[in-house]
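Taking it in order: structure first as structure tokens, then the write-up.
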Amino acid sequence: MSKKIRRIAISTGGGDAPGLNAVIRSVVISAIYRGWECYGIRDGFNGILGSHRYPDGIIPLTRDRVRGIAHLGGTILGTTNKGNPLKYPTRLADGTMAETDRSDEIIAYFQRHRLDALVSVGGDGSLAIANVLHKKGLPVVCVPKTIDNDLDKTVTTFGFDTAVEFATEAIDRLHTTAESHQRIMVVEVMGRYAGWIALHSGIAGGAHSILIPEIPFDIDKVAAKVRSREDFGRTYSIVVAAEGAMPVGGKREILKTATAGQEERLGGIGEQVARSLQERTGKDARVVVLGHLLRGGSPTSFDRLAALRFGAAAVRALESETFGVMVALAHPNVEYVALEEVAGRMKGVPLDSDIVQTGRDIGIAFGD
Amino acid sequence: MSKKIRRIAISTGGGDAPGLNAVIRSVVISAIYRGWECYGIRDGFNGILGSHRYPDGIIPLTRDRVRGIAHLGGTILGTTNKGNPLKYPTRLADGTMAETDRSDEIIAYFQRHRLDALVSVGGDGSLAIANVLHKKGLPVVCVPKTIDNDLDKTVTTFGFDTAVEFATEAIDRLHTTAESHQRIMVVEVMGRYAGWIALHSGIAGGAHSILIPEIPFDIDKVAAKVRSREDFGRTYSIVVAAEGAMPVGGKREILKTATAGQEERLGGIGEQVARSLQERTGKDARVVVLGHLLRGGSPTSFDRLAALRFGAAAVRALESETFGVMVALAHPNVEYVALEEVAGRMKGVPLDSDIVQTGRDIGIAFGD
Amino acid sequence: MSKKIRRIAISTGGGDAPGLNAVIRSVVISAIYRGWECYGIRDGFNGILGSHRYPDGIIPLTRDRVRGIAHLGGTILGTTNKGNPLKYPTRLADGTMAETDRSDEIIAYFQRHRLDALVSVGGDGSLAIANVLHKKGLPVVCVPKTIDNDLDKTVTTFGFDTAVEFATEAIDRLHTTAESHQRIMVVEVMGRYAGWIALHSGIAGGAHSILIPEIPFDIDKVAAKVRSREDFGRTYSIVVAAEGAMPVGGKREILKTATAGQEERLGGIGEQVARSLQERTGKDARVVVLGHLLRGGSPTSFDRLAALRFGAAAVRALESETFGVMVALAHPNVEYVALEEVAGRMKGVPLDSDIVQTGRDIGIAFGD
Amino acid sequence: MSKKIRRIAISTGGGDAPGLNAVIRSVVISAIYRGWECYGIRDGFNGILGSHRYPDGIIPLTRDRVRGIAHLGGTILGTTNKGNPLKYPTRLADGTMAETDRSDEIIAYFQRHRLDALVSVGGDGSLAIANVLHKKGLPVVCVPKTIDNDLDKTVTTFGFDTAVEFATEAIDRLHTTAESHQRIMVVEVMGRYAGWIALHSGIAGGAHSILIPEIPFDIDKVAAKVRSREDFGRTYSIVVAAEGAMPVGGKREILKTATAGQEERLGGIGEQVARSLQERTGKDARVVVLGHLLRGGSPTSFDRLAALRFGAAAVRALESETFGVMVALAHPNVEYVALEEVAGRMKGVPLDSDIVQTGRDIGIAFGD
């Protein structure tokens, strides 16, 4: 169909997510099936912009190279949070640092090495970069990536199901130990802006309270839930908190000053909630931070399938010259959404979601 | 809101499915939350129609009774394939057996024991029964149940994800042993009428051929796939076959005469495919039948959440007097579909599904 | 054989451990099989000494009560760290608190309620109590319980394998995310006095450094290991640290002042190691504390079998009037060890263990 | 210490087992750590004796080649049941086939390519071959491999724990579906000569009857167990049968005539037991054959650790010139056993094992 496309490149940007390798495998096999060549850019776009010498930063992706990787966590290409190409940290002549837009270099690199198109796998940041590259004329198709499930215009994406499954398993484990020791156990999960992981795993895992950014919580109401369980002879409680959960009417002190790294050290929301509940209820309260454990591991079958579908759909989009789009899941189909429509949009938990309502119906407190 | 509903009953019919207990828990807690009483009918409708003496066939479902069951497989109420109330096997006066419509007895039972409404959890058969009961004036809400994912009008339901996850894990395991022994391994999974489990697990698990009822297969093409892999030095092959997969242009001999039980004994499609491939390729071929293993086990977090949402949504439907409906998943929402619209409809894999296309793009043979 | 034993009691003391319910089930069924009655003491010995009114603190354990519990985490009897019967916190007449030896009350309780013998499941503390009760004439058999595997005179006990399995899975997950982000990931696991969990899971999970109490570590050598990996192009490192790991030549500051609860809040050894490695290597370092997650969950098949064997062996010991012993695993057999021999003994990792040597052989640094 | 050893080879023979790759990794890293070179012989000894052209049949094993393989099932070297070097199928000049002892060729190959020693990983057959090679002067150390756990002189070896864990999980799954449908479910597991897998998984999984080769069974007693459960209102039963289980006083008809492949097709012991129980009890009975599923998959942490210990211990044996031995597990240590002592010895379940007694104590029927 398309005359143009013969050589494509793929990059994986932002954080790790289970399913990245399945996307890569699917893109590569689908491309080879069409007679194309496929290359992988290492470490987000740093394989092009960073210290890698050509051709170290870009590797040929053959059938053999992507064999047996669909069920492996991580990404064979590496990923990185540093070095957004639109704001690349650069040392100026006077020694100070500045942020530079290096998107033109990427375009030039593609032209110089006769790469016809890009499949960009990533989150919000990668979508923005892809949109710029697309506007500058590079044929681009995006595959959405977010553990947190906070990207709009797709029902879900790969990685989220794996994270929820692991978080649910962790909550399962904590039930018996919390009950045996008659404790409050606070489980902090990922979700800085959206509470999807906390909501899904909290309901599936039988948590008693769920705290999410979308519903500011009153700690006294959470404590009241603990006490009302005591009245029924339930001497323990499980609280699941998204890392971005917030008390009513105020920011958490901690967020004002700390960087992400420092915040983790100083104690996140889970720590604070545990301390507050212990004070209010007199019960022993402990916190478990699942954090990094949620990013790794072998993807669930759901995530593997989603990732493989997305990868194949991205190649079909390139073939049919459907550029500047993001692949999206609209059960039972995949569809394409213009990058313009998704860039910068965040998908929080709607307050009228039947999932929240399910939580309320089965007695889970949201602290509101 | 509703004045009428004070006491409801729940039944689970047809085969076992992971998530049934989560539905039960959700219905019970949601109902108690509204001040209702909740009862469980044992063994499908046999708790009413069978040999149980009143009140043995119907048990009060309290908070304590449904505690900690959401993650357990099976159903605390029991289930049964025998004794469809519309065609109940009955011994006549002359000693011969006949099928009787006993739906009026169910209606009478509900009236006699002042049960105001029914939540019926089940598959195709249960939906048909529920529709009859609804037309006879009983307030009914259905929750769809099918491991095979072959019920129409809902994207999916609980149980399917768990089955696919286990099947995928099994396929993963067989890769290494098939490769070590340079064998063909045929994995037979459930799916008499629809190939969803085979399709999802086959793609997620990296099968090389997938045989489903919707795509009649040519065994020579499956054998050709095995041989073409040999040409690339891949000395093993994994074939996933739905139990209802069919060769092109003909029924399987075996299906003409055998009952379900006998068929299993005589050898299902997996057995036949393995034998045929061994003859055609000269390679050692083995079959693994996952069958019953797919029905059991603890539900995945996805299935638990779906089941809990369905249970709560069923109670909300009763509360708002939305009777004669099936709860359905229409991501990201649950919705209600009239029983009229779903009864007797089967959802096969659409041949233009992007999932099938994904399979083709990544080199999986469907035998067509 | 024994004329005396007709009614026995079982208690589970100390922390939670996967397999406790399997022990209970095995004791109960084995006892009933011999025509005995079986009772469960709730919350360690607090069912007798605490606020429970008779008979609330002791529950009849029937076949039905222990049905289907062997694979469940936790303990249906509850457990507790508070209220060691030998040093029970008691309020004196003048309002001050003192520690009282209440073992005589337990003896009296058994006599009053015609309980002939005790199966005591627990760790170091429970063994000491059992030994006192045994010396006062109560027929006692102990079942060892320790997640940490630090009880002497038994190769292992239930719970440890489950903890190691989960820790290994967690380390597996962290590999991909650590590699993708080129980080140091420090995993803190249980083991205040012995490094078994860290050693087994660290080797099985492919950690690069393992820090255990038995081998004081030099943080500079751990940092050197990180750097030497960098030299080979391995840009990430996994460090597994037992909570009781110690730097060479000194106690950790924190341990001087903090209680267990405070220590957790202030930051354990994992936190400190991560911070030190980040300073020394310039690499981003994060910590994951597995703590409570290791105690819960369904026991592995190994732990279930060990627990069932121990429970049955305890009843056989009572039947043959082998009192005052602990059941022990001496592959392939179980055997009985006099309580005198085990009380107060701790089993650390021997420095000449082939497991440590295996770690060194495959390049793992112990920081020494 | 040793002057001689500079280049070693490793082979993996017989069937697949989870942990083979961990052994390989451990041998390779331990050898490189000592400055040795390491080579892998492909497909058992067929890399030397088969159709591979030199050097295709033997591959250099570097650090990179064995990176990240410890948790993968299968073996990167391949394995094979065909072509025992002591009885190698050979076409004679007249066209007929004969069995030839080709061990001298292996010795010559090692000399020609200056390979100083062999680490042979395998079961009974491999031990016999290794013993012959050892007697002919080749420095050999063996690592025992058997899923079935039927090798003598070692408490256990890698692979067995993984198989038991999976079988137990399968039995867990079947409980709920058997109960829901009020069926007899027969689970056939590996174990042609020894019933270890059936015994361990059957007890851990809560089976109601366990049939093993060591205890000939009376099918009427198994049926009686099913009926006695019915009397207690337990309307389902789980029977676990080792593939080598035998009825009292006679061989199974089927074994007289069928080859292994045919037997599988005709129906193994599980099939026969299910049919017999259905006839005798009138209950619906189904069979699940786990077979190949038990060989594959990622090894448990126990098996990974055992495999890594064995690999490192094998290299240490070579270093200290301890030749002609098998590495063995003697908790808590590994030790070395002379090949003479192990060759041809099989380890069945001792009838006085406390594990069998545990089964009896908790009400499991063995059919005797």
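We just call them A, B, C and D in the order they show up, numbering each chain from 1.
Following the convention adopted for this analysis, a contact is a pair of C-beta atoms (placed from the backbone, for glycine too) under 8 Å apart; a residue touches a chain by one contact, two chains touch by 3 or more.
Being a predicted model, the structure only gives us computed values, none of them experimental.
Asker: Pick same or different for copies chain C and chain D, depending on whether their interface residues overlap by over half.
Answerer: Comparing the two copies, chain C and chain D contact each other through largely the same residue numbers, since over half are shared.
Asker: Of the other chains, whose C-alpha centre is the longest way from the centre of chain C?
Answerer: B
Asker: I'd like to verify one number: the distance from the centre of chain A to the centre of chain C, where each centre is the average of its C-alpha atoms, in whole angstrom.
Answerer: 36
Asker: Taking each chain's centre as its mean C-alpha position, how far apart are chain C and chain D in Å?
Answerer: Chain centroid spacing, chain C to chain D, equals 32 Å.
Asker: Between chain A and chain D, tell me the centre distance in angstrom, where each centre is the average of that chain's C-alpha atoms.
Answerer: Centre separation, chain A to chain D: 42 Å.
Asker: Can you list the chain D residues in contact with two or more other chains?
Answerer: Counting only residues that touch two or more other chains, chain D contributes 169, 172, 175.
Asker: Applying that definition of touch, give me each pair of chains that meets it.
Answerer: Pairs of chains that touch one another: A-B, A-C, B-D, C-D.
Asker: For the complex, give me every residue of chain D touching chain C.
Answerer: The contact residues of chain D facing chain C are 25-26, 29-30, 33, 63, 68, 70-71, 155-156, 161, 164-165, 167-169, 172, 175, 200-201, 203-206, 232, 300-302, 304-305, 308-309, 312-313, 315-316, 331-334, 350, 353-355, 357-358, 361-363.
Asker: Would you pull the chain B residues touching chain D in the complex into a rising list?
Answerer: So the residues of chain B in touch with chain D come to 15-16, 72-75, 78-81, 166, 169-170, 172-182, 185, 261, 264-265, 267, 271, 275, 284, 286, 288-289, 291-293, 295-297.
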